[in-house]
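First chain A sits with chain B, and in the next complex the same chain sits with chain C.
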Partner chain A sequence: MNEHLLAASGLTKRFGGLTAVDGVEFHVDEGEIVGLIGPNGAGKTTVFNLISRFLEPTAGAITFDGVDLLRVPPHKVIGLGIARTFQNLGLFPYMTVRDNLLVGRHNQFHGWILSLAVGAGRREERAAAAEVGKMLAAFGLGALGGAPASMLPYGSQKAVELIRALMAKPRLVLLDEPVAGMNATETQTMGQFIRRVREERGVTVLLVEHDMSLVMEICDRIVVLDFGRKIAEGTPHEIQTNPRVVEAYLGQEVDRAQV
Partner chain B sequence: MLAQLIVSGLAAGSLYGIMALGLILIYKTTHILNFGQGDMAMFSTFIALLLFRTYGVPLSAALGGALVTGILLGVVVDRGLLRWAKNAPVTSLFIATLGIGMILQAIALWMGLIDARPFPYALRGPPLFIGDVVLRQHDLLVFGVALAVSLVFFLVFKFTKVGIAMRATSQNRRAAQLMGINVGRIGTWSWALGLGTGAIAGCLVAPIVFLDLTSMVFVMIKAIAAAVLGGFTSLPGAVVGGLLLGVIENLFSGYMPPAIAPLKTTFVFTLIILVLVFRPHGLLGERSVGGH
Partner chain C sequence: MKRLIFWAVVIVLLAMAPFVLRSYNLYLLNLAAVKIIAAIGLALLTGYTGQLSIGHAGFLAIGAYGTALLAQHFGLPFWVGIPVAGLISGLAGFILLIPALRLTAIYLAIATLAFGTAVAEALPRWAAVTGGYQGMRVPRASFFGVNVQNDVAMYYLALAMTVLLLLVARNIVRSRVGRAFVAIRDKSMAAQACGVSLAKYKALAFFVSALYAGLAGGLYAHVVGYISPAEFGLAKSIDLFIMIALGGMASLPGPVLGALFLTYLPHWLSGFRGLQSIIYGASLIGVVVFMPFGIWGFVRKWTAPDKVQSLPKPLRAAVAFVRGGGGA
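And now, the complex of A and B:
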């Protein structure tokens, strides 16, 4: 168990009569980029909410680096080294991009609660400034640090959210549809960025994404959910040729066609 | 006449503004509208009176005592009471705050805190004359305190760790938690600061009105009105809304014929409804944006 960075077993979440996650078992190893895919409503975001501790599982266990995650309150998850982005944007809309990133560093300030965050941040920030600048610049956002986050285009907000997650210096990031709403070029940039995050910072990535070409291109391994159950796991090549996966996605196409 | 009405209106409006600041701070981070804010402020003010009258504590220390009472009351209300009902819908908690207010009224009665004698002015002395405008010393104090409270709020929110965490919590609770912010503790801080601010408002209002069980209620209603006018989630809006409210109602009662003048409160609330029709988010309100 301890070799895996993140490991879930028997993970189950029921909402009333609906079983959103049903006995799921999977793991993520240090340094991997793992895709978590499945049709709409398969339970992917619910898995993220369970790992972030926003939801209490009905059954099952999750460990992170050997620590029982289910004993950790939501605001301490980041301290263990798990950061995340949201499917529907999780920025602080009225704060500037820079303040959003500063809040991302919140868990790194150890000062008294009334201490000046700006002052405390400054020492750290000097070291991080170049790095932050570079990250913003990678998405062409270098000049937008002072803009309120909600003024940015959707795709840029997604990028800022990822950068904010990285500000906490996590070991694992959970990305919930990071390229949804992005055009092809932005998607390309994001894909390269995610890879660089892994290569340069050694950050492990668990990626939920509907853009299959991106998933197939950057993931080392893929876990497939359908109706809350794990139906397949393997390399991108194995997943692409797995009949159960094809069927799950086809079923969805048929459903959509009927609507 | 006009200048005088505006100045007195600003003084009353500052009180509404201070009261509204406390109310909105709590609302922003906990989504609870504290219907007991008036009673809680009244209670802290009674403690100042008790310290001053019964124990002979100097007035400045007694006022400090009210502030401390407000802050502690905030901690007790949040940690001791509301925390236990955290799974209740937030609208039910509104009613709980009303109940806590009633309980505080009962405690004040039971402790014999009600004192018919007027609450002392912290600043006494002859009024100042600027041109033909008369300015009571107490008004000067009110202006000074309103300015100081606004400044403290601004500095806390802009620069301190807890202030930035409060903003984050109010804008996106989940994301704030994810960033390592203990949103429960931030709620406690907001209650403490919010009721501390309420205590300040109480001590400033008390010398003007006779302090009794319900004397803060009308200030509380005006504070809610000020908050609505300002946009409800905006702290600067609360102050601006309070000042506007004070001036408008004073001008109304000053210029209207005696038969209509007492309807100033009715007029003000009618105006607020009009504002909401044309500017649903108030004057300085934050438009709702997705992501919550």
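And now, the complex of A and C:
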């Protein structure tokens, strides 16, 4: 059990009468890129919000590197090494790109409020700004640091949000639909970007995505949810040929002879 | 460097004001300083952190009465009394944290309104301590035995406090704390995912904001020398809100400009007898309609057009609220 980086077992979330996540069991190993897919309403984002601790599960357990995640408040999840992005962009729109990334490494600032008030902590700020600059440059976004986040094109905003998630030096990033609304070229770029994150920084990735071309291309393993239940798990090839998955996405084939 | 020289010149000019201005003008500047300090505090809470408050006069009252009572009963000099009263006000700010952790936007505003009203109602009824409706005289300020209860001395006190508190606010805004404030305002879930504790930073925002209002109240008590409950009612809270909305609430120059505007406009208009409130109201509407990002936003539009963005969503609601409900 403990060799898994992230492990969920019997994970269940009910909203009143609706069971959004129903006894889901899955795991992510260090260094993997795992895709969490399923039709709309399958419970994927709910799973993310359970891991991020924005939601309290009705039943089940989640562990991260052996630590019981359910004992951790939402703002401490990142301290354990789990960062995330959001489906509808989690950037702070009225901050510059640079400030967004600085919030991403919020936990690494140590200045005390009273010393900050008298203007100490400038050296820390400078070091942080340099780090942010380096990070932006590494991903070819060096020129954008001073721009307000909301003024960037959508694709760049998605990229900046992923970079922000990396600022905390996480071991695992949760990406909620990283290429939603992107065209084919942008999707390709983002796919390479996600791979780079794993290859160069050794960050494990769990992603929710509807774009099957991306999922099939970059994921090592895929977990499929439908109506809150796990219906399949396997390599991209296994998933593509799994009849239950095809059924969930396309519906059951009707035998005309029986109609 | 250029900036440094600019500010040095501004400070020197301000420091020389008592040599050229008449006592009444100094008194007006002192009142402006009180408003500036309180408005900066409110801007940190509402403009930066997105927590609407229309009960801030309550904190002004705690600071003002606190200072007066500390001087009266414990003989504390003003330079101890004002900070201590400010601190008491800051701690009282935690009261508003209780609703702030559950409510947002207009619902939080209603809770803060309740707080402001409660303080305003308590003051006259607690007559044994506060002197009731008649109010109370503030013991004269003295500095090691020297009487400094005059407009010139108060001017230097007001100037020092304003400059100091502006610098502190600037330092806060530029640090991780200020970024956490804005992150909470713009996207609280993403802020948490980045490691920002909502409880901790909202608490900090309310504390700092109430501290500023309390310090402003303490200064006010010594500037006017006499305080009564009528000065700390709902109208004062709304005035403060209008100041930051007019000036540009997610900035520091904004509340300063807003406070100056609201200090001097009624004063300049005093000549237009009868038309006073009409012109006053019309100019407020004019600013809000033609400068949707406040006076400072308007200035920035010309001086740094690339850096101007539209008003953050929670604040748009706040401005709409002020336009609709708080025009009085």
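Criterion: the second predicted complex is superposed on the first by the 222 of 259 C-alpha atoms of A that agree within 3 Å, B and C clash if a C-alpha of one lies under 4 Å from a C-alpha of the other, contacts with A are read in each partner's own complex, and residues count from 1 in each chain.
In the analysis below, a residue touches a chain if its C-beta (ideal position, glycine included) is under 8 Å from a C-beta of that chain, and two chains touch if they have at least 3 such contacts.
This is a predicted model, so every value here is computed, not measured.
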**Asked** Does the chain A-based superposition show chain B and chain C clashing or fitting?
**Response** clash
**Request:** Answer with first, second, both or neither: which of chain B and chain C does A:15 touch in the superposed model?
**Result:** neither
**Prompt:** Which holds for A:79: it touches chain B only (first), chain C only (second), both, or neither?
**Reply:** both
**Prompt:** Is A:150 contacted by the first partner chain B, the second partner chain C, both or neither?
**Reply:** both
**Prompt:** Between chain B (first) and chain C (second), which, if any, makes contact with A:93: first, second, both or neither?
**Reply:** both
**Asked** A:54 contacts which: chain B (first), chain C (second), both, neither?
**Response** both
**Prompt:** Which chain A residues come up in both lists, the one for chain B and the one for chain C?
**Reply:** 52, 54, 73-79, 83-84, 86, 90-95, 99, 102-104, 106-107, 109, 111, 113, 116-118, 150, 164, 168
**Prompt:** Which residues of chain B touch chain A in their complex?
**Reply:** 156, 159-165, 167-168, 171-172, 174-183, 189, 286, 289-291
**Complete:** Touching chain A in the complex, chain C uses residues 167-168, 171-172, 174-177, 179-180, 182-183, 186-187, 189-198, 204, 250, 307, 309, 312
**chain B-touching residues of chain A, taken from the complex the two chains share** = 52, 54, 73-79, 83-84, 86, 88-95, 99, 102-104, 106-107, 109, 111-118, 120, 150, 164, 168
**Message:** Could you list, by residue number, the parts of chain A that touch chain C in their complex?
**Reply:** 52, 54, 73-79, 83-84, 86, 90-95, 99, 102-104, 106-107, 109, 111, 113, 116-119, 121, 125, 148, 150-151, 164, 168
